[in-house]
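Note that subunit A is present in both complexes that follow, paired respectively with subunit B and with subunit C.
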Partner chain A sequence: MNEIIATILSATFVAAVIRTTTPILFASLGGLLSDLVGSLNVALEGIMLIGALTAVIVSAHAPWYIGVLAGLAAGGFLGGVMALFHLRFKADIILVGFAINIIAAGGTVTVLTYATGGDKGTSINIPSKAVPALDLSFLGNIPAIGPFLREVLSGHSYLTWLAAFMVYAIWYFLYRTPEGLRFRAVGEYPPAAEAAGISPNRLRTYGLIASGCLAGLGGAQLAMFSFVGFTRDMTAGRGFIALGAVLLGRRHPIGTMIAAVLFGFFEALSIALPGILKWMPGELIHTIPFVVTVLALMLSSRRRVTA
Partner chain B sequence: MTPFLEAIGIDKIYPGGVHANKGIDLSVAHSTVHAVVGENGAGKSTLMKILFGVEQPNAGEIRLEGQPIVLHSPRAAIAAGIGMVFQHFSLVPSFTVAENVVLGVEPRAGLKLDRKKASETVRELAERFRLPVDVDVPVEQLPVGQQQRVEILKALYRDARLLILDEPTAVLAPQEVVELFAAVRSLTSQGRTILFIAHKLPEVLEISDTISVMRAGKMVGTVAAKEATEKSLARMMVGRDVALKINRAAPGIPHTHLCRISDLTVKNDHGLNAVSDVNLVLRTGEIVGIAGVEGNGQSELFDAIGGLRPISGGSVELGTTDITHVSVLERRAAGMANIPEDRIATGSAGGATVAENIVATELTDKRFVRHGLLDLKSIRDHAAKLIEKFSVRVQGPESAIGTLSGGNMQKVVVARELSSEPSLLLVSHPTRGVDLGATEFIWQNIAKARDAGAAVLLTSADLSEILALADRMIVLYRGRIVAAFVNTEEVTPEVLGSYMLGFAEQSAEERNAALA
Partner chain C sequence: MTQGRLFLSETGRIVMAAIFALAVTLIIIFFASKTPWATFETFVTSPLSSKRTIGIWIDDSVKLALAGLAFSLVFQARQFALGVQGQVYIGGLFATLVAFSPIGTTWLALPAGILAAMIGGAFIGFIPGYAKSKLGANEIVSSLMLNYIAYDICNYILRVYLASLESGLTTSAPFPAQSIYPAFIPRTRVDLGIVIALATTVVVWFLLYRTAWGLKLRLTGHNARFAAYSGIRSSFIMVSAMTAAGAIGGLLGAVFVQGTAYGKLSIGFEAGMAFEGILITIVARNRPLAIPFVALGYGYLRQGAALMNYRADVPAEVIGIVQGIVILLVASSFTVPGKAMLARLMGNRTAASRATS
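This part shows the complex of A and B:
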């Protein structure tokens, strides 16, 4: 037990939490934007997966940032497709979302096979690139806390810093700008927005596209930093965990970030634990993030009922 | 002088074939209050929707200050200086008053929303037009009357010179109506024009300069308010004399205690006490009216007695049985019937037929169900009988109830509930959105049930309805009984209103005298 606590309190573990949180945070912020305009994007999982594969394949032929942008663009495109089917053709958002999740699961394997010339599992033989890490080792010069800060903050992906900035940017957008006010109005009570001359469907389209872009970024981070290269089903439910983070975060950017960190923490724990608890089957340990998601959602909805 | 707004020969046929407006002419003078009255289905709402650009007329012309204009959307109407306040407010609950008012036309400072300027502008507007409201409070925390002010401010912020108010008094307590009328007068004195849809005639006579009456899609006539009386207007609206007078329970008949409600406490959806320690006895052959501003516990009280909401404290006895915690079915078996507040959501199943809706509460009755199978023929015959008896305007028992007008749908619900000959009848807002003719009919039938020995518990947002029907009256304020009366001439809407708004509270002795 002491060993577990020592692990959790170590700088290495905190850095690991930041790493595991980044893709979830991107997807969660995307989910938040779509949920706030009233069309919760349930395709985060599939969009992340497609974003990851797109980023990997493009980065093999272009600089790393073009790969990241390609992941973002692929996500934005899928968000636009969802908006088209949901808002123009009046299809149910849940069904459209699941269609994309299913297409992503099968489609990425097919495309991977063509791209690698026959490999159905990984992109290991494509020379894909990685997102560079931001070196902050100068922090180590600060007296006392310097080494700890360096361990925790240095060496993260550029995208991690972008994700942290996005939390602030989205908060500013939602709570400080007129457009954000309209966004929240559409999500909370569409007739009010309509009466004020705002088109709810236009804002929903923007929300879905933005959520796709963010999920695509999450995918790019996953396949160009967390792991370098694409593996089939590499998102492993992170898109669904992100949905949980949106609900648990009470539809607020800060709350969503806290929830994303919570899930990131348990994911990091499930990676660290097998080395410590050797008697426990690894499969059981890997279920921790998902069990925590379910428990957290149950507790949070329970609170809402009795509140 | 050219009228401010003119509608000439407006004709509207809905795609379903309903001819809602037949060659309507309307002329509204500048800086006046012009009321349009008429029964439900007379076409008032359609006309207003056309004037606000929500609906397009099939024929006719609209002129604003003499110039013909086409209102292809509400946005065009707003741009032309026409604003409308609907009965259902379109406010974002968690937004502040200022945010709601400026939404869509926000003042900005660079990228940012200029909150300070928004608050100031709205505050100035509110002061100028005598619509006092705290601009930095979320609207969900405001009472209905103030929410309505926010809606009016929204229109004024967009520079509306003509304001269309759709039944603005329907949701207000008497004192709030006084405040609304003060604001309306200050609006007209500052050059704004008000078009006012209503069906409560005394209010219409008080506030309007001119009154137009519609019936069955036609404009019956326009009169100056000074020359009109309640009676003359009612006759124009219905086309015959209406007697909205219900006899009180005959005196001298012994009323035995039927239902005893003791220390009843009920929680609302947020887990807070919506009804606290209510004690009340209902007697046979008597109507007890519950008055209160919406949201003071009436809904929860009725839901709790009806079995639609758990009771967290106290008890309800019907006759000798304790029904505090039993199911709706058992309550109905004990003799209870319920005409609920919302005929669409709880009173009926919209997609089902009239016959199915009527039989829905009788599925244990051997007449309609034998060996677990429905006897369709007897169900149909039973429905046809009730349709006849309650003169429901419907093609037949097989029509979907959702296609009926509000008044006819309500008649079906009333017919079903009364056909079980209940000993305890719960009635919530029985004539909300129901026209004058059907109102008269529903009132008479509730009175009939009372004369047959039922104990009736009634609530209504319309105080005149409670005053017309109830033998005793109780005022709920924040979930507590603050006053109780035996219905006499001395009890007026103003008296009830001061208790409803919490300005006064009776002493326990005074209350108990009317509660026992």
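This part shows the complex of A and C:
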């Protein structure tokens, strides 16, 4: 037990939490934006997966930031497709989202097969690039806390810092701009917003596209930093966990971030534990993030719902 | 609208979905294959090419139908519980435990295994329902999380207690003969599973359309608020629908492991098939009696894609793209071009028929 606590308190573990949180944070911020305007985006998982593969393939032929942008664009495109089918063709948003997930699961393997010339598992033979890490080792010069800060903050992906900035940017947008007010109004009570001359569907479209872009970024981070390269089903439920973070985050960017960090913490723990608790079966350690997500949802909601 | 016309229009929709699926596949093959026409021919004809492939097609359809039935129950109640995959793994695991218990070599093996699987699946289905009605936890996320948890638990028990060096580390030993379905046609996968799927179809239809519970369930699905005003305890309906669907998911798990295709427990035996039940029930519009036909049709396409993978240059996973696009098209009003115009011409009649459908 002491060993676990020592691990959790170590600077390397905190840094690991930041790394595991980043993709989840991107996706859950995306989920927040679409949930706010009334469309729960269950496709985060699939969009991340497609964003990841797009980023990997493009980055093999272009600089890393073009790869990241391609992941973002692919996500935004899928968000647009969801908006089209949900808002224009009146399909249920949950079904649209799941259709995207199914397309992503099959489509990424199909495209991967062609891109690699027959490998259905990984993109190992594609020379994809990584997002560079931001070197903050000068922090080590600060007396006393310097080395700790360097361990925790240095060496993260540029995208990690972008994700942290996005929390602030989305908060600013939602609570300090007129358009953000409209966003929240549509989410609270669409008829009132409509009466005030706001088109809910326009904002829902923006919300879905933005949520796709952010989930795509999450995918890019996953395949260009967390792991370098694409593996089949590499999101492994992170998109669904991000959806849990959206629901847990009380529709607020800060709340969403806290929830994402919570899930990132348990993912990092499930990565660190096999080395410490050798007796504990790997399969059970692997369930930790999922168990925590279910429990967090059950304990946080405390609100009876009718069907 | 009379029953007959309803039947025709629904059949038309299903045929439409099939045409969409073929068209989408053809387009993908044109992009993906060097010899598109030959590949498409393989895709369309290969499932009928031998007794063995026909057997696989039928067996797949049985499993797809059960998955579709499980989803149809929760979708009729408008609950998006997506936990069939987890129910299949727990059901398969429970059926396996029964098969290796002393009961596994007696005549009770099959019924006891199926019962255990259904109880296990029902429990997995019950959790998100209970969490939603009592604690307000979103059923989509909790059911999806349970899928991952159930998968890991199944693999854990398999690795530690059931797998051995002789059986290969990813599978259990073969079940005793009494715990495997009798094959109706020797050396094919056509077995007792067919009877189970058809019986389940009738049971689900009866529950939904001939019992008070089914009426309440469908009312809750159409308009939860109206149902609540008319005194229906919607939270009970919600939880019971998810539990019943869970039992079907568990049953599907038993059909997987007890069927002649496996006759043992393997890692990842479900291979993503549970989620394909979504497509089945969407195309069938959650109507139990239509589900076996949709399952046969989709099972055929799925088998065609799998064989195309071996015999041509297009990977089997393209079926995922086809599946997703068909869901998009069928779930949206996009399916029937000119539907808006039709509605205007027909006036209230179509509106009324939509309300009863």
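Here is the rule we use: the second predicted complex is superposed on the first by the 302 of 307 C-alpha atoms of A that agree within 3 Å, B and C clash if a C-alpha of one lies under 4 Å from a C-alpha of the other, contacts with A are read in each partner's own complex, and residues count from 1 in each chain.
Convention: contacts are C-beta pairs under 8 Å (C-beta built on N, C-alpha and C of every residue); 3 or more make two chains touch, one makes a residue touch a chain.
Just so you know, these numbers come straight off a predicted model, no measurement behind them.
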Touching partner for A:Ala195 - first (subunit B), second (subunit C), both, neither: first
First (subunit B), second (subunit C), both or neither touched by A:Thr122: neither
First, second, both or neither for A:Ser154, with subunit B first and subunit C second: neither
Touched partner set for A:Leu181, first subunit B, second subunit C, both or neither: first
Contacts of A:Leu297 with subunit B and subunit C, given as first, second, both or neither: second
Per-residue contact with subunit A, leading partner among subunit C and subunit B: C
Intersection of the subunit A residues that touch subunit B with those that touch subunit C: 306-307
Contacting residues of subunit B [partner subunit A, same complex]: 74-75, 78, 88, 90-95, 99-100, 103-106, 108, 111-113, 154, 270-271
Interface residues, subunit A side, partner subunit C - complex: 40, 42, 85, 89-92, 94-96, 98-107, 109-110, 113-114, 120, 236-237, 240-241, 243-244, 247, 281, 283-284, 286-287, 290-291, 293-294, 297-299, 301-307
Touching residues (chain side subunit A, partner subunit B) in the complex: 176-178, 180-182, 184-185, 188-189, 191-198, 306-307
For the subunit C and subunit A complex, residues of the former touching the latter: 32, 77-80, 82, 127, 131-138, 140-142, 144-146, 148-149, 152-153, 155-156, 159-160, 220-221, 224-225, 227-228, 234-235, 237-238, 272, 275, 278-279, 282, 315, 317-321, 323-325, 327-328, 331-334
